[in-house]
Amino acid sequence: MIEIFTTGGTIDKVYFDALSEYQVGPSAVAAILRDNNVHAPHRVTQLMRKDSLELTDDDRAAICQAVAASEAARILVTHGTDTMVETARALAGIEGKTVVLTGALQPATLKHSDAEFNIGFALAAAQTLSPGVYVAMNGQVLDPSRTRKDREAGRFVAD
Amino acid sequence: MIEIFTTGGTIDKVYFDALSEYQVGPSAVAAILRDNNVHAPHRVTQLMRKDSLELTDDDRAAICQAVAASEAARILVTHGTDTMVETARALAGIEGKTVVLTGALQPATLKHSDAEFNIGFALAAAQTLSPGVYVAMNGQVLDPSRTRKDREAGRFVAD
Amino acid sequence: MIEIFTTGGTIDKVYFDALSEYQVGPSAVAAILRDNNVHAPHRVTQLMRKDSLELTDDDRAAICQAVAASEAARILVTHGTDTMVETARALAGIEGKTVVLTGALQPATLKHSDAEFNIGFALAAAQTLSPGVYVAMNGQVLDPSRTRKDREAGRFVAD
Amino acid sequence: MIEIFTTGGTIDKVYFDALSEYQVGPSAVAAILRDNNVHAPHRVTQLMRKDSLELTDDDRAAICQAVAASEAARILVTHGTDTMVETARALAGIEGKTVVLTGALQPATLKHSDAEFNIGFALAAAQTLSPGVYVAMNGQVLDPSRTRKDREAGRFVAD
């Protein structure tokens, strides 16, 4: 079974007209898996609902704790892209698990979003990669220790 | 580099009002990779543009030939779902290459399509799996020799 | 109250993978009105579910009968575009009612469809125009007696 | 010819990942008309690009001036929904023109947006209504002097 932890981020941003702004909403990943008829057994757990620029050390500790405590050998974490590498590096100590972090540069609610493609890509990566921690963005499997987000280019690059 | 061969299928069906019908159109995969900012080097070659129920033995031979002749070690083939397993089995003899077949149950032109998710999933599978031939549908990596399409359920299942 | 009669047409075409083809499905207009938070009182009645090239004289008579018998002064008819003008001309005799026919050149299920725009346009036309029969397509209110569909151009033009 | 003035608002909000936020972007209406194959002659002029809560008295004066100076008899104004009624009331003095204000509660860039429906609806209203100033939202033509936006209900209601 694939364990999926959601933490928020752009992928889950929803527009609230009454507030005239975008806020992180319910996670998009469960609906994406359902809409794409994914039958691989999986469980989705929301850990928090934050823009990744607002994640605290306590939040990162909670993410690490959840991943370490999971009985699953294969874990997907959806996360904001701005500090995805930081969280991935914090997960480096965990052994015996394949952990893949992904997210999106454009909210899943947008007509043109990379959310569905990224979730599909990351799900396959989580199913096939040997144990370790990976960032899966822009159609690439990346080593967090040698990756950073290039904000202007809108993609992740090797450091 | 990932070599991508397109053969047609539902994923590429486009509605032509002047004909009052749906026909296989230009392949959707190149646009999907571009729209999702995929920088992994890749090349897309259209082999044919057919509903997979209409593929002939010559068509299958052409697909096998293109895959065998490719210098790439990792190959993605987009294909109609109805005879995807048949083509995958025809590719079984080819060695030293990771070949992943995928497609979609709903055309990429539809609001609700599994095309983007499946292409993302299959691309990761092509990048990570060891040499062999695989069908990637419904968020699962499947062994063609033990897989069939369940038309009523709208998914691929183990035989 | 706006009375809405649906007859089928491209606007309502849905892709059925198990049949490998597109067929006229449930009408899209009710969902479009709901999704766009339309509170103007309205009722939707499906008269038939056909491609307009397949409408018979009996079908047209049934459409005329339903429109004539309606107590509503303002009526919207969704219809295939190929013979929309023909049906509009058949409705010419009916008095005291504003009847607007519309449809779409691309099914509502497509990412790029004119369905929502056309329904919005036609709804306003039905609410504001004086009694008579009109075709509302391509952002224009057209007189059916001097209009035809230009298939190549994908639009309706003055005859 | 239909004169179209754009002022910003939710309809034109675009997500900028590099800024981690939504901002009013280029107007959506020109693309909506093009994508829906609208051949009715029209011109689109961007007056400003603001959330309507940020429009100043000078902005409103500029909008009134542009509408008054236009040679067109039929004018569409796209506008944020929060102060659409206020701007509509400011336009009340202008004679001999049909002026319709519309916008959207969800940005045009969203999968589920009322933008296309509203633009279609408002365009028809602009083409058919007699001179005066109107608010066109939620599938209704409303008199600005007796209308307000109900933020919780996400719609415009009679006062």
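Per-chain numbering from 1; labels A, B, C and D assigned in written order.
Please note the rule applied: a residue touches a chain if its C-beta (ideal position, glycine included) is under 8 Å from a C-beta of that chain, and two chains touch if they have at least 3 such contacts.
Here the structure is a predicted model, which is why all the values come from computation and not from measurement.
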| query | Measuring between mean CA coordinates, which chain is farthest from chain A? | reply | C
| Which pair wins on C-beta contacts, A-B or A-D? | A-B
| task | Take the average of all CA coordinates in chain B, do the same for chain D, and state the distance between these two points in whole angstrom. | result | 44
| field | Intercentroid distance (Cα basis), chain D paired with chain C, Å | value | 26
| chain A and chain B: spacing of chain centres that average the CA atoms, whole Å | 26
| Gap in Å, rounded to a whole number, between the CA centres of chain D and chain A | 37
| note | Among all residues of chain A, those touching at least two other chains are 105, 111-112, 154
| field | Set of all touching chain pairs, with the criterion as stated earlier | value | A-B, A-D, B-C, C-D
| query | Of all residues in chain D, which touch chain A in the complex? | reply | 10, 13, 15, 17-18, 20-22, 51, 53, 81-82, 105-107, 109-112, 151-152, 154
| message | Under the definition above, what is the set of chain D residues touching chain C in their complex? | response | 32-33, 35-40, 105, 112, 114, 116-125, 127-129, 136, 138-141, 154-155
